[in-house]
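Chains: A, B, C, D and E, in written order; residue numbering restarts at 1 for each.
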Amino acid sequence: MTLATHWHYWVVIALMMTGLHIVIARRNYVKKLMGLSIFQVSVIMLYVTMGKVAGGTAPVYVMEGEGHDAVPNLDVVYSNPVPHVLMLTAIVVGIATMALGLALVVRIKESYGTVEDDVVIEKDRAEEESLES
Amino acid sequence: MSGLKAHFPVLLVVVPLLTAPLLALIRQKQVARALALLSALATAVIGWGLVIAAREQVEPLSYHLGGWPPPIGIEYVVSQASAFVVAIVSSIAALGLLLGTRETRKEVTEGQQHLYYAAYLLCLAGLLGMAITGDAFNVFVFLEISSLSTYSLVAMGNRRRAFSAAFNYLILGTIGGTFVLIGIGLLYQVTGTLNVQDIAHRVQELEDVAPDSHNLTLLVAFVFMIVGLGLKLAVFPLHQWLPGAYAEAPAAVSAFLAGTATKVIYFQLLRTTVVFFGAAHVFGALRFGTHVLMPLSIAGMFIGSIAAIYQPTLKRMLAYSSVGQVGYLTLALSFGTEAGVQAGLLHLGAHAVTKAGLFCVVAAIVAGVGSNRIQRLNGLGKRMPIVAFAFVLGGVGLIGVPGTSGFVSKWALLQAAFASEHYLVAGLVLLSSLVAVVYVWRIVEVMYFQAPPVDEKTTHDNLAMVPALILLGASVLFGLFPDQVVELAADAAHQLFLEPGSLPPLPTGGHG
Amino acid sequence: MSLALAIVGTVFLAGGVFFCVVGGIGLLRLPDFYSRCHAAGMTDSAGAMGILVGLCFFAEPLVIVKLLTVVGFIWLSSVVSTHALVKAAYARGIKLENPRVRDWTVRPAKTAAAEAAGDVPKAAKVPSLDLAAMADSDADAGSTSGGEQGLAQSHGAESESESESESESESESESESESESESESESESESDDSEESRT
Amino acid sequence: MDFPYATEVFFSAALGIVVTMSLALLRSILGPSTYDRILALNSFGTKTVLLIAIAGFLDGRPEWLDLAIVYALINFIGTLAVLRFSKYGSLAAATQPSDDEEEVPERPSLEQP
Amino acid sequence: MTELPLEAVLFVFLLVVGIVVGRLRNLFGAAMLTGIFSFLSAGLFTLLTAVDVAFTEAAVGAGISTVLFLATLALTDDTERESERSWLAIGVVSLTGLALFFGTFDMPAFGDPDAPIHHGVGRHYLMHSWDEIGLPNVVTSVLASYRGYDTFGELAVVFTAGIGVLLLLRSKAAVMGAKAKPIPVRSRAPYVREMPIVRAVAKVMLPFILLFALYVQAHGDFGPGGGFQAGVVFAAAFILYGLVWGPRAVQGIAPERMLEGGMAFGVLLYGGVGVAALFAGGTFLDYSAFTPEHPSHGQHWGIFLVELGVGITVSAVMVVIYFVFTARPRPRLPKRKKGALAPPRLTAVPELPVETPKEGSS
C-alpha cells in the first residue's frame, strides 16, 4: 500500500468528497444537483479504476483469422468488463435522478419564486405560523 | 397454470413492471385504474403463492434469470423471510390502489392519472425486485427504480411544500443510494463476485482466515452499506426527509409508502448484516449491534414518539411515529439473535398493516373534513363515527394493546430482549409505548370530547374506508390468532442464520 | 509501413500540436473577447486538422475514413459554433471597446437625425443591440426603435470626446450589466415591437 | 504501425493536447464574461476529441474513433444549447413564447388551510 | 508506463474543475464547468480502457445533462446567493473521506492482475463469452445477456424518470390533447433569419447524427456502442433540431403522444422478449430458449432486439424530457406599449436582501 500503487483511489476519493461537499454546503438547489452529478461520476471512476488491469486493453476481443472462423485471441490481457457494465447502469441512474431533480427545481421556482434552500425553509415557516394563528 | 408456478419469482416483479408501460399507452382514467388494480391483485396472489412455496422447502427457491447459473447470471432467491415481506408489500399496494379514487382525481391533473398509476406500479415493482433479488448490484438498480418513482409520487401532493419535501427526499435518497453503490463496489472488489450467497461464502472465508484483524476494505464496505441503507430507512440521525415526504404526499401515497418502502429497506438492512457479512462477525467481533445500532434505535424510538406529540397535523404526527417505529425495528435487529430477527419480522408486518391502515383513515378524514389539521377534527366522533372508531383501532395497534398485531410484535421484542439479557432495553420499550399512548390519546380527546362545529358538513367517502377497515381488521385478526404468523417468522429468521453454502462449481465453457 | 509515411505523419502531428498550443496561449493572452475567439477558432481548424491528418498516416484504411469524418465534423461544427457565439456576444453582451477597430455595422449619420426625431426619451432606453431589429430598421427607416441608435451614437462619438463617450458607454455598460434581465426584457419587447411593426 | 518511435510520438502529441486543455481550462475558470466560458467549453470539447483519437492510437486499437465522432457531433449541440437557453444568447430572445402561450394556472390545493 | 502522467494530469484537471464548480456563484459558468467535467471524465475513461463507459458518459454528459442544466437555469435565476462556510458539510465530508481513505489500505494495487476482482466472474465472461454468446464486444454480451435483467431494471429507471418528469412538468394545456398548433410563419421568420449559418450547418449535420445513431445501435456487438448510446445520440439530433428551429418545431415532428408511445414501446419490447423466452421454455430473458439447437443464434437475436428496445425508450425519454423543459412557459413579459418605460423587474425579489453582482464576477 504505497503512493505509487494507490494514488488513483485517493484522487477519486478526493473527487467524491468535492462533489459531496457541494451537495451539502451549497444552498442553491441547482448547484446541489451539480454537486450530486459530480459525486456520482466520481463513484463511476472508482469502479472503473478497480476494473483496470495494468497493460490490459479494452474488453473487446482482438480477433484472429478472417471472416467466419475468426477466434478471439485470449492471451491478450483484457481489463475486467464487469465494472464497465455496472457503470453503464450507474450513469443512466445518475442522469435519470438529475432530470427528475431539475423538474422539481422548476416547480419549486414557480411555486416559491426562489431556488435557495434557506429562503424556501423560511417561507415554509412563515406559512406555518400564518396557519397556526 | 403449474408451468407458470415455477416462474412465480420473476413474474412477481415483471407483472407490475410491464403493466406500467401499458398504462402509459392507455389514456382513459377508468381503464388505467382497473388495469393497475388487476395487476396489483395478481401480484398479491403471486406473493402469497411464493409464501406457500417457500414454506414447503427447507432451502430458499432459486430462479436463474437469463438461464445462466448463479455466479454468472443474476439469481432470484425466495427465502421464507423475503416471501413474507413480499406478500405484505404486495397486499398493501393492492389495497392502496383501492383507496386512490376521489382523492387522486383532485390531486393529479386531469389527463395524467394513467401516469400516476404507472409510477405507482413501478414503485411496487422496484420494492418487490429489491426484496427477492439474490444479486448485490440488482439491489441497487431496483432501489433506484422504487426511489425515483417515490420522488415523483411524493411530489404529486401538489402543494408547494410537497415539491420542496420531494426535492429534499431526492437529495438525501440519492446520497444514500450512492453510499450503497460504494459499499457494493468495495464488496465486489474484495470478493470478486456479485451473487449474494457467493459473497457471504467468500466473506466467511476471509473472516475465518484472520478472525481478529478486520479486512479494512470489508469494514468500510459494511459501514457504507449500513449508512446508505440507514439514510433510506430514516434511522434516527438520518431521518430529516421522512416527516416532510410522508406529510406532504397525497394520503394514498403516504399509505402505500408507510406500509412498504421502509419495510423492504429494513429487510435489506437485515440481509446485509446477517447474510452478507455474517451475524457472528457483525454482532460478535464488530459489536455493531450493541455499540451502534442499539443506542441509535432507542434514541430514535423516544425522539420520534415525543416529536409526534407536538405535530399540528395528523399526517406529520403519523410520520414522526413512523420514525419511532423504525427505532423498534432496528432495536430488534440490534440483539443479533434469531429471536431478535423474528421479533423484527413480526414488527415489520404489524407496523406495515397498522400504519397503512391509519393513513387510509387519514385519507378518509381529509376527503371528508377537507384538512387533516388536528384543530379541525373536533367532534369527529359524532360526525364520522366509523372513521373515528377506525382511527382509535389503529392508534391502539400502534401502542401495542393486547388483541392487536402491535401487541404480538412488542411481546416478541420483549422476549428477545429478555433472551439476550437486555432488561434495561425491555423497560425502555415499555416506556416508549407509554409515549405512544400520549399522542394517540391527544387525537382521541379532540375527536370525542370536543363539540363538533355547528356549520361543518362532512362528505362521506366510504370507498376510502374499505381498505382502512380491511387493514385494521387484519391487524386485529393477526393480534387474536398470532401463532400461524409467529411460526412463519421463526422459521424465516432461522433460515436467515443458516451458514452460506458455497455455490456449485461453474460449468467450464458450454451453456450451463 | 514505410518510414517516409511515418515521418510525414510526425511532421503533420508536430504542426498540429504547434498550432494547438499557440491557439491555447492565444486564448489566454489575447486582451479582448473577440480576438480570443480568433485564437480558439485557429486551434479548432489548423490544430485539429494537423493532428488528425497526421494520425491518418499511421492508420489502416477504415480508421482513415473515420479520421476524415471527424475532420469534416470538426470543421463544420466547432467553427460554426464559434460564429454563433460571436454573433450572440456582439448582439447581447460585449461591446467593441477597442477604439481603433471601427464597427462597420453601425451607420452614424442618418440614424443620428432619426434619433433626434425619435419619440423615445434617450436616457430611459437601456440600449441593447438586436441584429434582427436593426436589420428591420434599415428596411423601414420610419419606425426606428431608439435602443440601438443610442448605443450607436455613443460609438460614433468623435475620438476627442473619448472621455465623455467613455464615461457614457461606461455608464451604459454599467446599467447594462446591472439590469441584466431588464435589458433582456427590453430587447425582447423590442423584437416583439419590431415584429408587429413589420407585419 | 510498427513505426519504432510510435509511442513516443503519440505520447508527446497527447501531452501537447493536454497542455492546450489546461490553457482552455484556465480560460474557463478565469474567464471574466460568460462568453469566455462558452468559448472555453467549445474549445475544450474539440481538444477532448483529439485526445480520444490519440489515446486510441496510443492504446494500439484505433477502432474507438466512433467516440471521437460522437463528441465532434454533440459538442456542437452543447454550445448551441448554451446560446439557446442563456440570456447571453440572441437565440433565446427569438424563441420567447409569444402571447398565445397561456400561463400555467395554479391548481386549487386540496386542503383549505 | 508512458501514459501514467496523462491520467494524472486529467485527474488534476478534474479536481480543479470540481473545486471551481463549488465556488463559482455564476450558475451558467458552473453549468459549463460541469460540462467540462463530463468531457474530462470521458477522456479519462478512454485512457482507462473503459470505452463503453466513456461513450455513454460523452453522449449523456455533453448531449443531455448540459442542455437540461441550462434549460432549468433559463427558467430559474442564474446567480447563486452568497452561502457562508458550512461546518456540517466539512465535518461529514472529512469523516467520509477518511473512512474511504482507510478503506483503500487493504485494496489491491491499481491494475494488479491477480486482484480477486479479476479471478471471479469477470474471468469467466472473458474466457467463455465467445463460445456461449459469440459477440466480440464482451461488455455488450455481459450487459444484454449474462446480466440482462440488470439492464431491464436500468431501462425501467429511465422509463420512471420519463414518467416522473411528465407528471411534474407537463402543463395543463399540453395534457388536454392540445394538438400541436402549426408554427405561424411570422414567429418563425425572425427566428430562422437570425442565424442563417447555424441553420444551414444544422441542416447538414442532422442526417449524419441520425445515421450515426443507427450505426452505434447496430455496432454495439462489435465495438463500443449499444442501445443507451444510440438512444442518446438519436435524441441529441432531435434536441439540435429543437435548439435551432424552436420547441414547437420538434412538436410538429415528434408529437408528444408518439414520444410517450415510444417510451412505453421500448420497455414492452424488452419485457416482451423476456416473456417470450419464458414461454419458449427457458427462464425470463433466456435467449437461447428461442433456438435450442444452437444457443448463440438465439443470443444474437435476443441481444439485438433488447438493445433496440433500449434505444427506442432512451431516445423517446430524452426527447420528452427536453421538450417538456423547453415548452414550459417562461414567466411571460407583459405586452408593452411602444415608447413606454421598461417594465419593472419581473422576478419577485425575495424578502432577504439580494445584491445582484456585476456581470461576469466569478
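Just so we're on the same page, contacts are C-beta pairs under 8 Å (C-beta built on N, C-alpha and C of every residue); 3 or more make two chains touch, one makes a residue touch a chain.
Every value quoted in this text rests on a predicted model; they were computed, and no experiment measured them.
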Check your understanding: Expressed in steps between touching chains, what is the minimal separation of subunit C and subunit E?
Key -> 1
Study note, to complete from the structure: In contact with subunit C and subunit D alike are the chains E
Study note, to complete from the structure: Busiest interface, counting C-beta pairs, is A-E
Practice item. Name the chain whose C-alpha centroid is most distant from the C-alpha centroid of subunit B. Key: C
Practice item. Starting from the mean Cα coordinates of subunit A and subunit E, work out the distance between those two points in Å. Key: 12
Study note, to complete from the structure: Separation of the C-alpha centres, subunit B versus subunit D, in whole Å, is 43
**Study point:** Whole-Å gap between the CA centroids of subunit A and subunit C
**Key:** 35
Review point. Using mean CA coordinates as chain centres, what's the subunit B-subunit C distance in Å?
Key: 58
Revision key, fill the gap. Where subunit A touches two or more other chains at once, the residues are 16, 20, 50, 57-58, 60, 82-83, 86, 89, 93, 96-97, 100, 104-105, 107, 111, 131
**Study point:** Set of subunit B residues in contact with two or more other chains
**Key:** 109, 137, 141, 144, 148, 151-152, 155, 182, 188-189, 194, 373
Review point. Where in subunit D do residues touch two or more other chains at once?
Key: 22, 33-34, 38, 40, 45, 59, 63-64, 66, 69, 73, 75-76, 80, 87-88, 90-91, 94, 96, 98, 104, 113
Exercise for review: Could you pull out which subunit B residues touch subunit E in their complex?
Suggested key: 7, 10, 14, 17-18, 20-22, 24-25, 63-68, 71-74, 108-112, 115-116, 118-119, 122, 125-126, 129, 135, 137-138, 141-142, 144-145, 148-149, 151-152, 155-156, 182, 186, 188-194, 215-221, 223-224, 506, 508-511
Check your understanding: In the complex formed with subunit D, which residues of subunit E make contact?
Key -> 2-3, 5-6, 9-10, 13, 16-17, 20, 26, 28-29, 32-33, 35-36, 39-40, 42-43, 46-47, 49, 51, 54-55, 58-59, 62-63, 66-67, 70-71, 73-74, 78, 171-173, 181, 187, 190-191, 194-195, 198, 201-202, 205, 208-209, 212, 215-216, 219, 223-225, 229, 233, 236, 239-240, 243-244, 246-247, 328-330, 332-333, 335, 359-360, 362
Revision key, fill the gap. Subunit A partner, complex, touching residues on subunit E are 7-8, 11, 14-15, 18-19, 21-22, 27, 30-31, 34, 37-38, 41, 44-45, 48-53, 56-57, 60-61, 64-65, 68-69, 71-73, 75-77, 80-81, 83, 85-86, 88-90, 92-94, 96-97, 100-101, 104-107, 109-113, 117-118, 121-122, 125-127, 130, 136-139, 142-143, 147, 150-151, 153-154, 157-158, 160-161, 164-165, 168-169, 222-224, 228, 314, 321, 324-325, 328, 347-348, 350, 352
Review point. Touching subunit D in the complex: which residues of subunit C?
Key: 1, 3, 6, 9-10, 13, 16-18, 20-21, 23-25, 27-28, 33, 36-37, 40, 43-44, 47-48, 51-52, 54-55, 58-60, 62-63, 66-67, 69-70, 73-74, 76-78, 80-82, 84-85, 87-89, 91-94, 130-132, 180-181, 184, 187-188, 191-192
Study note, to complete from the structure: subunit E contacts subunit B in the complex at 99-100, 102-108, 115-122, 124-125, 127-128, 131-132, 145-150, 152-154, 156-157, 159-161, 163-164, 166-168, 170, 172, 175-177, 260-261, 263-265, 267-268, 271, 274-275, 277-278, 282-289, 295
